[in-house]
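Reading through the structure tokens given below for one structure.
The first chain written gets the first letter, and so on, giving A, B, C, D, E, F, G, H, I, J, K and L; residue counts start at 1 in each chain.
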Amino acid sequence: MPGTSALLPTADRDVVGAALQETLVDLLHLAATAKQAHWNLYGPRFRSVHLQLDEIVETARTFADTVAERAATIGVAPDGRPAATAKAGSSADVPAGPLSDTVVVATFTTAVADLSVRMRRRIADTDGLDAVSQDLLIETTAALEKHHWMLRAENTP
Amino acid sequence: MPGTSALLPTADRDVVGAALQETLVDLLHLAATAKQAHWNLYGPRFRSVHLQLDEIVETARTFADTVAERAATIGVAPDGRPAATAKAGSSADVPAGPLSDTVVVATFTTAVADLSVRMRRRIADTDGLDAVSQDLLIETTAALEKHHWMLRAENTP
Amino acid sequence: MPGTSALLPTADRDVVGAALQETLVDLLHLAATAKQAHWNLYGPRFRSVHLQLDEIVETARTFADTVAERAATIGVAPDGRPAATAKAGSSADVPAGPLSDTVVVATFTTAVADLSVRMRRRIADTDGLDAVSQDLLIETTAALEKHHWMLRAENTP
Amino acid sequence: MPGTSALLPTADRDVVGAALQETLVDLLHLAATAKQAHWNLYGPRFRSVHLQLDEIVETARTFADTVAERAATIGVAPDGRPAATAKAGSSADVPAGPLSDTVVVATFTTAVADLSVRMRRRIADTDGLDAVSQDLLIETTAALEKHHWMLRAENTP
Amino acid sequence: MPGTSALLPTADRDVVGAALQETLVDLLHLAATAKQAHWNLYGPRFRSVHLQLDEIVETARTFADTVAERAATIGVAPDGRPAATAKAGSSADVPAGPLSDTVVVATFTTAVADLSVRMRRRIADTDGLDAVSQDLLIETTAALEKHHWMLRAENTP
Amino acid sequence: MPGTSALLPTADRDVVGAALQETLVDLLHLAATAKQAHWNLYGPRFRSVHLQLDEIVETARTFADTVAERAATIGVAPDGRPAATAKAGSSADVPAGPLSDTVVVATFTTAVADLSVRMRRRIADTDGLDAVSQDLLIETTAALEKHHWMLRAENTP
Amino acid sequence: MPGTSALLPTADRDVVGAALQETLVDLLHLAATAKQAHWNLYGPRFRSVHLQLDEIVETARTFADTVAERAATIGVAPDGRPAATAKAGSSADVPAGPLSDTVVVATFTTAVADLSVRMRRRIADTDGLDAVSQDLLIETTAALEKHHWMLRAENTP
Amino acid sequence: MPGTSALLPTADRDVVGAALQETLVDLLHLAATAKQAHWNLYGPRFRSVHLQLDEIVETARTFADTVAERAATIGVAPDGRPAATAKAGSSADVPAGPLSDTVVVATFTTAVADLSVRMRRRIADTDGLDAVSQDLLIETTAALEKHHWMLRAENTP
Amino acid sequence: MPGTSALLPTADRDVVGAALQETLVDLLHLAATAKQAHWNLYGPRFRSVHLQLDEIVETARTFADTVAERAATIGVAPDGRPAATAKAGSSADVPAGPLSDTVVVATFTTAVADLSVRMRRRIADTDGLDAVSQDLLIETTAALEKHHWMLRAENTP
Amino acid sequence: MPGTSALLPTADRDVVGAALQETLVDLLHLAATAKQAHWNLYGPRFRSVHLQLDEIVETARTFADTVAERAATIGVAPDGRPAATAKAGSSADVPAGPLSDTVVVATFTTAVADLSVRMRRRIADTDGLDAVSQDLLIETTAALEKHHWMLRAENTP
Amino acid sequence: MPGTSALLPTADRDVVGAALQETLVDLLHLAATAKQAHWNLYGPRFRSVHLQLDEIVETARTFADTVAERAATIGVAPDGRPAATAKAGSSADVPAGPLSDTVVVATFTTAVADLSVRMRRRIADTDGLDAVSQDLLIETTAALEKHHWMLRAENTP
Amino acid sequence: MPGTSALLPTADRDVVGAALQETLVDLLHLAATAKQAHWNLYGPRFRSVHLQLDEIVETARTFADTVAERAATIGVAPDGRPAATAKAGSSADVPAGPLSDTVVVATFTTAVADLSVRMRRRIADTDGLDAVSQDLLIETTAALEKHHWMLRAENTP
């Protein structure tokens, strides 16, 4: 069975696997929600925010792929099915329908900040357990926090 | 309000908008499920099917984007949030955990065939209402059915 | 004589040719006017609208070329000379001199919406007469209406 | 068996399949004959016509591939074997040996015009049966007729 | 107001601005007329002249853009609207309908030669007033005169 | 007449020309048959063999072009018309309809091996007559035999 | 010694060398200050201005390199060390800490305008002394003034 | 002497240098053995495994280069001569002659797993001694373990 | 205010911010000084060292940008203004005027070695405070030390 | 001394070196003369022949470089100085001043045919002496004779 | 006759034409001589100087082409035939046979300096006669003098 | 069994196979040794020789791959395992530890010269046995001897 890997002791694998799985659904949730805003956006800053959201989607999708494949590598089956993402993923919450640019920038500023807090906890949780996975979580956090800075700066009047 | 567009009469817009919205969540569901299989795959044909699934993901994501923006264009707010996709999208249903290449090829052969049936009904539903949207549905169907042919051929022993 | 082509019956060719010729001058007019706004623009959104206008120019020029060559193909000599465009083309009307970003976005939102209405009438007029030309008109309309959506969203406060 | 596809009712599939198969051998015949002229050409316009013929080959080969795969998709096995092309394909007929540029331009002007007539009949035949295949036939016709226009213009003294 | 720029003394700006504005409409007129010939061309040299005309269009459009932005830079609003181009631009004059390759080459040989004469006068007019604008006019002239040489050589039996 | 070239003595030219002409139709036949298999393939190895066949097509088409132009260069008119290929070309023989991956790999393993034998005879036949043509035949053989190795390896259980 | 070059008379070289050296530190100062603003920017136009500043940095760095190498070419050692730039360079002056987009656009509009005045004086100073260096100063000015126009337009409410 | 570097205390350098040297010969051994399998492979999965092996070679060669240069950087002369690799490198052991795809996938699955164990020990050994080298070992391990996952999945029936 | 970020506790942020700020000015100082040497270089190894210095500039500028944006991300305003770099940056010190290749290689060998020592202290200082920033410092050090190795090797007779 | 190479026996080296040196000046002469015609060309086929001549220049320059470096490799100093080319090179002879397209095509058809005769003699002369150099002469001849074919075909009315 | 152009008064054309013709043969001579050195070079700096010479060749060839086409544009037939270059061109004079790197760098330092002197005289000669040609001469001089600087720096011990 | 190929008679295959196998290990040995020198190099010419060695590695690896696949093609299993290379390969012999640039250039000049002698013997050995393999050996020799020339020139004081 492909899920059985001797790379890590079972206890370590459970902790690391959980950190990766939680990161996966958070990133998939972020990608989907940012796309939703990308499509339903309006306001004077439409073009600029529309493009910025696609850069967030690109970051989220790329790291989701790497994180899921790392989970598989250590023998933990990643779950990125729509229901799993809808249930456990927790990035930005946006209502249905049109979304103003001001609301979108504010919403994602908060959402990515919250995600960063969760990522930092996962970095701590995996410390000493699997340097490779922890390194990937650090790299993911770096990319997310850079988006946070740009959103925060744009959200400051 | 950005959702108000005079491009189509209201009744026509409702029908066309519904076809686009249903297509959107089907494509997002397909993209997510194909990624799930891409990550959890095993079997002697791993590398080949792994790559093929990413081509399906690429098709599904690209057309999802175009379909959602077309909905926005005719004044219907697309809903591609995780919950919407989980609830209404209906492409392949795969269990959690590892998936053998044989099962994956069989599952997606059926799933894409079913999706093609729904797409053809939507092409019929939008006939005479909005040539631009219908043309996009036809183009989407062409791409999906080409994937179906390749899956079907691969699924034939 | 190169204009004589047996591809279409004369009556059909006249209708299709007129639709293509009207589309041609509308697109050339749009390209020229969007360039005019691109050069004379001012306002806090300068950079973003400046770039967006060049994307509209690109769309208009590319489809103008295809539409004119399709007219030539069915044996109707396209007329895209400056005087023809100035007289018959009817996209956005902008005054000489500097143009504020707010005015430009509003003006082109209306202009592209009007152009879309004319395109839809031409799609209807050519129905059943020349599937190839009609398909080209549909494709042109799709691109123009996507620009309309983005302008409309940007024009919504 | 991979040929069995439920995409279309049998009767419709037969008509659409025939249209695609006839188009396939016509395109393969055109590609081969244009290559033959590309190699055996002479005359003052050698370089220009030599390059133009390769563009026709490129068009013919690309659409032949798409048309054949569409046939396979709807469950009709395409036949592009040398004998099938030699027997049923009917584009330009050129004698063995050197070919002057004047003769080549005239021959292909006529040949592509004839092919266009057959394509238009196939577009009509498939109307209402399979929108995806019909759309592909329209797209193929557009490309062929553009070549016809350029050949016709070049063939006019 | 964006048109107010202290880069040049008013008198100098008027002279330089006029030279740029006249160049702008000449280039836009040339681009439009060369496209007209590109679409309506016929004759044994069709392919070669068809491609050459697009190179002239490319030159004319690129320099028109640079010239218009230079005018805006020195505080003179460029006018490239269709009516302005139709009225003041004066490059090649071609009749409606099909155009033989021989006539096209002869017409543009003369037209670009005339344009070169006007460009040289503008280089002289702006001498000592604005080195940057003059340099741009010189560069534009270099490109136009290279086209003139190639047309002239092609126009010589 | 373009066919008259003093590059080679007549007797030598006849031998070399025959070798090139036979190679030409063999390569065109191979390209067409490999495309036929590319379209009609089924089986668990579909994707891999489907791609491999297109690489064979690419090799066959590229060398066919070079071989035909070399024939023209030495004053022998190449014949690559559909009937010539159907009659004289002798690569893989495949029945109409769907083809299993196992059969396809076996068929082309044999076919390319046979072709290699014929190529080696042609290399011998042209020895000392025209070093340039012989070099091209050697290069063609190298490419075909590499395909043969990969097919043979894939054909070994 | 590499600094000794006979390209220009000593007196001319001193004047031209001074113009190049002053331009060098101005450009290096501009590049550094624009980067400072690029990093410390905030406000609703963050993304757009952030990108625009990097285009200014690119222009300043590229011309600084060319200007410094031209100085070396005429035998004048360019001084672009940090202290030299800090002391003699005089582009935009920005305070430490966060910078609002409105302030940044206004500051750089003024700064680049002032720089343009200095550049025009240097073009005058080098007139008749070294056509190559003067040409480079004109080209540098053209690029800077284009940035000035875009900043000025963006700075106009 | 270039080997003398003060970057690290001698004791630390010895430990880190040994970890890098052992990694180097393991990677060179892996690259050579994977190439050997790439050339001697047979079986129905030939094409897929043939390509996969080259991706392993690419990974091994790229990291070998970086690891060797890091050793040189800390003042330890890397030894990647053929004899050193043959003696100390210990990745997959394959017999001479043809290798079936099944055997190859199984062999490399085990070999890369073993290599991963050694890499993890080296990450532990260098902890706290040289963060830069340790980071490189982590990155190398990430790439190797990803290959291990794909091999393992492919090796699961 | 964009400087306020809750990513890190204040005390940690101060330490990490100081490490990043010091790194920033060191990198900007290095980039400027390496450019100075690039322009004022002479000696038989001119071309080789000239190119090598630009690679150092590229490394220094790229990491300066990333380091500054990381500082902004954690809420510390980076200061890369010319005066700050001139005052606090401390890489290579080169005199005004021409610089021999031998001197330049020796100077930068020492300078980059010194910079490496400071980087290693900053990696230690930030340990346990911010894994993301520390990771960036490690990556920066890796790139600088690779340059050091190449300079050191080149500096050894 | 770098010219002393033990690759070939002296007698062989003299023969092979002479063949390479003669080929070198012939190719340099051809490149220069084709450029001369490229610049002085006129006539209705100007554009087509102008481009074709540059392809001949490209062939001649590329092989001249390879041939000269091969001579250096076997220890024979190549002589491609202007005087050597003017004296010994013997490709097309064109008069000063304007050249009609008809004359140019005829002149180069003859010139490249003559060059081909000399190349074939050199292939014979080097037979059995140096397989590497002979192979290069064969490859050069192949490229030149392909140009001859295209010129000959274009030269046939 | 294509040589007759009304762009310039005859007297002016004679002066400008002479400047362009002299520049042409100087550049062709430089390109040929630099290639000669590129092939016959030896010495410890072989690789570096070998590459640098090809950059000089590239500069010389590119400007030769532009200069020759400018001459043709103003109605003066350029003469770049081998004999003309051998007779009138006067760049570096190198003996036959191997050339040491030291000699080559010294020779070309002097040669390009001399060429620069001639270029500056031609810039003066054409002043006020043809701004376009003069601008081209300035641009050519800029490129040559940059090479001179690099050679001079490399030539300084 | 994939090793059984009827392409060549057994006796011929043994000779050709031996030539290819010996070439393979020589090339792999050269690639490994050149990498060793690339990493352990020091001296004033470090950068230039460092880059040159990688070009030798690239040549050796590319031809090793082609040679090994040719052996497999004719039915001889290539042996490129580390032990085989260490035992039978015989290119440059370098000691462990740092290597001065002077020693490296001298060592590889001799090594590649020796390799060239062995290659020429293999070209002779395979004459008349397998034109395809012999052609590949000639091509490999051409590339190696070009490296020899450049090393030899660089090795000449």
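We adopt the following convention: a contact is a pair of C-beta atoms (placed from the backbone, for glycine too) under 8 Å apart; a residue touches a chain by one contact, two chains touch by 3 or more.
Keep in mind it's a predicted model, so treat the numbers as computed, not measured.
Q: Stepping chain to touching chain, what's the minimum from chain D to chain G?
A: 2
Q: Going chain by chain, each one touching the next, work out the least steps from chain B to chain F.
A: Tracing touching chains, the least step count from chain B to chain F comes to 1.
Q: Given the two chain pairs A-G and C-E, which is bridged by the higher number of C-beta pairs in contact?
A: C-E
Q: What whole-Å value do you get for the distance between chain E and chain I if each is reduced to the mean of its CA atoms?
A: Averaging C-alpha atoms per chain gives centres 49 Å apart.
Q: When the centre of a chain is set as the mean of its C-alpha atoms, what distance in Å lies between chain D and chain F?
A: So the centre of chain D lies 23 Å away from the centre of chain F.
Q: Compute the distance, rounded to whole Å, between the mean C-alpha positions of chain A and chain C.
A: 41
Q: Calculate how many whole Å lie between the centre of chain B and the centre of chain L, each centre taken as the average of the chain's C-alpha atoms.
A: Comparing mean C-alpha positions, chain L is 53 Å from chain B.
Q: So which bits of chain D are touching at least two other chains?
A: Touching at least two other chains: 1-2, 42, 45, 48, 69, 72, 98, 135, 152-153, 156.
Q: Which chains are in touch, pair by pair?
A: Chain-chain contacts present: A-B, A-C, A-G, A-H, A-I, B-C, B-D, B-F, B-H, C-D, C-E, C-G, D-E, D-F, D-J, E-G, E-J, E-K, F-H, F-J, F-L, G-I, G-K, H-I, H-L, I-K, I-L, J-K, J-L, K-L.
Q: Across the complex, what residues on chain I touch chain G?
A: Touch residues, chain I against chain G: 1-3, 28-29, 32-33, 35-36, 39-40, 42, 65, 68-69, 71-72, 77-87, 89, 94, 96-98.
Q: Quick one: which bits of chain A touch chain H in the complex? Just the residue numbers, please.
A: Those residues of chain A that touch chain H are 1-2, 5-7, 69-70, 72-73, 131-132, 135-136.
Q: In the complex, go through chain L and note every residue touching chain I.
A: Residues of chain L touching chain I: 41-48, 50, 98.
Q: Note which residues of chain J are touching chain F in the complex, please.
A: On the chain J side, the touching residues are 113, 116, 120, 123, 135, 138-139, 141-142, 145-146, 148-149, 152-153, 156.
Q: Considering the complex alone, what residue numbers of chain G touch chain C?
A: My answer: residues 45, 48-49, 51-52, 150, 152-154, 156-157.
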